[in-house]
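In what follows, chain A forms one complex with chain B and a second complex with chain C.
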Partner chain A sequence: MSGSARRGGLPGASTAWTRFLEVMSGDKTSHIAIPLFSVALSMVAASLLLLALGENPLVAMAAFLRGSGFMVKPSYAGGQSALTDFLSFLGILAPMLLAALSVAAALRAGMFNIGVAGQMLAAGYVATILAGYADMAPALARPLVVLLGLSVGATMGAAVGFLKYRFNIHEVVSTIMFNYITSYVTGFLINTHYSDAITRSSRVCSRAARLTVTGIDVGGLRLTFPIGILIALAAAAIMKFVLDRTTVGFELKAVGLNRDAARYAGISVGRVTVFAMSVSGALAGLAGVTYYLGYYNNIMPKTLASLGFDAIAVALLGNLNPVGSIFSSILVTIFQKGSVYMSSTLGAPQEVASVITSVMLLFSACGACVRFHAARMLEKLAGRGGSDEGGGG
Partner chain B sequence: MMDAIMTDGLSFAMPLLIMAIGGIYSERAGVVMLAIEGLQGFGAFVGAAAAVISGIYLGTESPLLIFIAMAAAMAGGAAFSSIHALLCVKFRAQQVISGMVVNTLAMALSPFLTSVINRAITGNESNKFQIGPSVRFTVPGLSEIPLVGGLFKSMYPFEIVIIAAALISCYVLYKTRYGLRLRACGENPHSLDAAGGDVNRTRTIAVLICGALSGLGGVFLAYSISATYSPNIYVGYGYLSIAAMIFGNWKIPPTACVCMFFGLARSAGYQLCLYLGMPGSYSDLLLTLPYALTLLLLVFFSKRNNPPRAMGETFDRSRR
Partner chain C sequence: MRQERVENDYIVEMRHITKRFGGVAANDDISIGIRRGEIFAVLGENGAGKSTLMSILFGKYEPDSGDILVRGRPAVLSSSNDAVSLNIGMVHQHFNLVPNYTVAENIILGSEPIKRVFGIFPCVDIKTAEARIAELSRAYGLEVDPSLPIAQAGVSVQQRVEILKMLCRNAEILIFDEPTAVLAPREIEFLLDIIRGLREKGHTIILITHKLEEIMRVADRCAVLRRGRLVGTLAVADTSPQELAELMVGRELPPAGKRPSAGFGDTVLEVQDLTVRDQDGLEVVKGVSFSVRRGEIFAIVGVSGSGQVEIADAIAGLARPQAGRIRLMGLDITDCGIRRRIEAGISYIPEDRQRYGVILDFTLAENLAIKSYYRPPLSKSGVLRPGRIREFADDLIERYDIRGADGAGMITRSMSGGNQQKAIIARELSRDSALIIFVQPTRGLDIGAIRSIHARIIEERDRGRAVLLVSLDLDEVMNLADTVGIVFSGRMVKISPANRLTADEVGEYMMGVRV
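Moving on, here comes the complex of A and B:
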């Protein structure tokens, strides 16, 4: 580090380096520059990992993109194309984004919702048995599914918030307990009432209730469009508006930054706690219905979606910001969705994808430290520059 | 039936307890510890890998293997927890975030490395290690006691190690200079700093101890549940131990009671199901018992909870 600063004697290098440090530590730029920097660093680390496995990093990255429908594969099965891959990518992106927003909503209020997976499962289960197995027209069934997802998730979230503020039960404990309870109870009910004899998961929900538009005909391809992605993007936009422009959003952030200061300022911390957790739960519920009635269409009993835990990483990578979450969920989903194709064409283990994701998270966790050091180096550089000029004069 | 409840209950409670004690070290020192899930899994992975690799040289029947696994798991857990220590203490990362980083990293790395190691040893890419069943023993005399005798029947060697570790931890945390400093770190790090102690060093050591103990818990889970190591180790028992620690108010004796409660409620649920002759699917319903009861009990007991006051704050000498 000091070596680079000393090389700053050359005028060109000096300005470029100073400029870089300014961008990294500046108030306006750092919240974009730091995540980009950590993603760039993790791409370097990922390339080294792939090289160590004997793969060409560029070929592997292209395979990830091909698997997610961002690039065209060399060959396709009948009725398949890059567009079908991309729509399938959007289908799993939707729950990922919604779950990340759910984590972010709670964390902005200073609470750690580790129960996203349980809330997803509860919402998906209720929506499946009430709407998915009923004989209803799509125009009725789909809004009902969304509504059920919202309300079941919000109820579970509100319960967690209530237990926290009324009985001082830590949200990490209660959400973990709810995760287990939901997983066992729905598993029991599915195994005894709704089990499919062959797949051992729940029976597939009706076509009318799925949050997808099927049978769109484009150039001989029959496409399935996931409605979930529209819900997810709308949720991100609404959340951004609420956090940035409304009183509730301000109160929520205030409670997250300092509960005592917020109480002193006259904010009802209990009310905000319950509100934030129910919003978080509602978003998790939406993630659940787009996951279980859109992407998979059935429920594996006694299994919590790992997506609910991955979403924590995605939300943190996106700086707990709705717009940031969109980008981070796209990035992480490319690796996860593309890993199957990458593994099948290159033969590298599929787990590489999650290693890359976690390395990205590792570097982004160091963001505050990078910014701190950039600012300090800039100060030192400014100090040295000043003394040099003084000496010259 | 009583014996089975006691034996199974203890073998589920003990790994939870040792992980929770690890968490107590870290959180009483003021470092939020959500990384137990990852630490126990990675510790189990290192332990299982060591057992499998040394099994090639010592023979898979060697009774030494389990002790090699134990030592390796503790070393692996401690080594992995140094990431958390580095991020929280040196890099001033948010501790909740750092914990999740460690978890995701462990969940990604251990299956990946397992398949790499398996490819090197056997040539096939399995994500499991067969570690063989653990040695078990029965304490003569004590196991004859009615009702609680089951606690001393077919015990795992781990259980002795864990009980010893729990007793030593009680002594270390409350009777030694280091323990006093560690608790000061969690309540008011500036007072320790003023008294001439090194806050960052104390915290780092606490996190490393937590890693070692979590690793031990993890490898025990791998042995006791299935005698294999697989990615299934990440089923959330690390989180459950965090819940036990919070329920136990960050103190070792109450936490031990909570862990026993989890263990016994769980095994009693199983046995009740067998006894009543219910179909297997009903056991799932009874398995919710420990969790539902925990929530219910917390409603009554949680008001008096007082977490370490400086938990989650990075130590900054300039802020008093």
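Moving on, here comes the complex of A and C:
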């Protein structure tokens, strides 16, 4: 990893290298420097992969951006433009961000919620059945969908938290089990009751229940705006406030960092555990309704959204921070959303996007290790370099 | 240190070994020499550094400084493989055996004898291995059946399998880490016989233990460690259990500069017939009763692991008592949650400060606020007030002289152990609780920090607080305590005013020599 920079025989190079190590290992800087470093590294890795496939990496990167509506494509089908692409991008960004926040909420309290996909599906299913198939006015149906998403997700999350607190059942085990249960139960019910004869998915939910605003006319284009993105950004803002500024957030972080010390200080670890998992579940539920009643509008039976698992990577890349999660989910979604266009124009396989995402996760998961080695190399340099290295302090 | 003989007498020599963990010296300039064919015991309390010293010899840790000589030649032991290649074997306190493998399979694991079926296909030669193990077992009187699955073997058998494992790897020097801790009395007899048998067959034995009786019965010589330092190496034939106990527990300084209490007030803490079980269901505190009054320093002393920490945990609410009542100023708090107890007036300086006392990744300000963040002025209807938290922290930092580069915003992990402890003490004392529990308040700290903490403890007593002090440091206890309660294996065997007991007497009660 550090092969290129290790040559450093010149004094100038070694100072730059020291500076780099300081930034990577510093208390104040590393939480931003390390994710950026992992992103940069994964870009390099992706470029190498694209080169090996015989593609120009720059053209491919531009294709990812064009597919996500960040750059203009050379040509558009009727009624399409970069703006429609971008709104569609926001439509899938919303569940990604919410799911990442869900993972982050649980992990900040020291729990690993791998059940995001199951919680999404449960929330999406209940909202589709109760609101999506009912004959309701949009003003009633949409709030109901949001409410159902919140409450179904929160209930499932709370169940996981309760099982952990009361019976010491590890959340990874229970969430995986819940994923299967949800997938098969909803799959069975969809196949027996709500199946569409042609698509084999559930019947499409009513327009009134979808979390989108349709028919906005801008310059002759009919645009569809995803409400989900507003929900997601609001959720990120609220979560940031709760974590940084409230007593509940304080307790949640304390339990996540050191359960024993939290208990010693009088914090009710069980209550915090159940609370954090309910919040995580509620966010996953919101991700579910924006995904199944906004972006797709129907449910494929017995299929868990891979987005629910990608969210783990996104949350880690975003340093489990709500603001960081916004950036990391944008980044990852660009690659995932843009992969279709990239693949159709360049002919490179769509899976390149998955490779890029997973390399990013790999590097960001190594963050602590990178930081550790940076600190150690810095120590060694300081030991060897002696007086000529001033040190940034 | 005591090299009365020529050096080649020693099969193992450790010279000036120092090993630090964080700031604490687990081994501080220890030099020992072990003679060929003897049983050499290493005696000390838990945490005295005996396991660390032996882990260094077995290659698990590398010493910060010092040399190791094996058979007169300098040895570099950077892994247990190095130790094994020098014919050193260790029987750990916790066995490393695969439960669903047989005895023989466990023993050969990692160095399986291979035979080739039809001259081609490699295959583990279990028959030959079993025969060899059976033979070794007979020769050393170990009575182990090589084909028995470990899952069906008792603890004592498993331990003998570990011994066989070492013998199969040609270990000449055998280290036993607290081997009798897991055994029943009759099994202990058997093990001691085996150890004697090993000596007769020319092996050198190192026995890590804190049990005086075993040393007196089998060991030839004994090194005594206390708080990371070697306090002496003695020939067992020339010593007595009393002398060993004294060395192990220590009594160096006479009580100096002690200020007696001005007099005791009302009873603050009353503990009645307290019984506590550990996670394995063992009774670690057995029917303990005592009380602490205002203006009194009540010290609980005992050999490490006698139940004193569990008593403190039960009072603070961290451990659930099996039986008994705990009253704080007349109020029965036995069934109260931890926060209720804190609010009722209990401050607790815990033994393991990094596990309980602070959250290492929190800032200093957050750690100082961790017991009062939920109330005004630090928060208002669930919303924290960072300005107030900062003021609160700055005030404590100033008053208790907590030092660190960045003040209140500093990450606690980057502070020194002494300053972390100062922060905990600042937080706990600032609460003005009626009862203050100190567990090992000065462990691992330098002399300056120790003095200032001792002064604080006395100051709090003089302000009319009830102080419960749990310490393994007998000097500390004799210096500070007004009343001493001595625990031995979970029972309070003696409660007495501190000035009516000598340190020697306390040591004898602690070791169970005097009842």
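In this section, the second predicted complex is superposed on the first by the 369 of 393 C-alpha atoms of A that agree within 3 Å, B and C clash if a C-alpha of one lies under 4 Å from a C-alpha of the other, contacts with A are read in each partner's own complex, and residues count from 1 in each chain.
The rule we apply is simple: a contact is a pair of C-beta atoms (placed from the backbone, for glycine too) under 8 Å apart; a residue touches a chain by one contact, two chains touch by 3 or more.
Everything numeric here is computed off the predicted structure, so don't read it as measured data.
In this overlay on chain A, chain B clashes with chain C. With both complexes placed on chain A, chain A has more residues touched by B than by the other of chain B and chain C. When the two complexes are overlaid on their common chain A, residue A:I32 makes contact with neither chain B nor chain C. By the touch criterion defined above, A:V173 lies against chain B but remains apart from chain C after alignment on the C-alpha atoms of chain A. Within the superposed three-chain model, A:A262 lies in touch with chain C and out of touch with chain B [touch as defined at top]. Within the superposed three-chain model, A:L51 lies out of touch with both chain B and chain C [touch as defined at top]. Per the touch definition, chain C reaches chain A in the complex via residues 316, 318, 337-339, 341-342, 348, 350, 355-362, 366, 370-371, 373-374, 379, 382-384, 386, 411, 414. Residue ranges of chain A in contact with chain B, taken from their complex: 107, 112, 114, 163, 167-170, 172-174, 176-177, 179-181, 184-185, 187-188, 191-192, 302, 309-310, 312-313, 316, 349, 351-352, 354-355, 357-359, 361-362, 365-366, 368-369, 372.
On chain A, the positions that touch chain C within their shared complex are 27, 245-250, 253-254, 257-258, 260-268. Those residues of chain B whose C-beta lies close enough to touch chain A in the complex are 34, 83, 87, 91-94, 96-98, 100-101, 103-105, 107-109, 111-112, 115-116, 125, 127, 236, 239-240, 242-243, 246-247, 281-282, 284-285, 287-288, 291-292, 294-295, 298-299, 302-303, 305.
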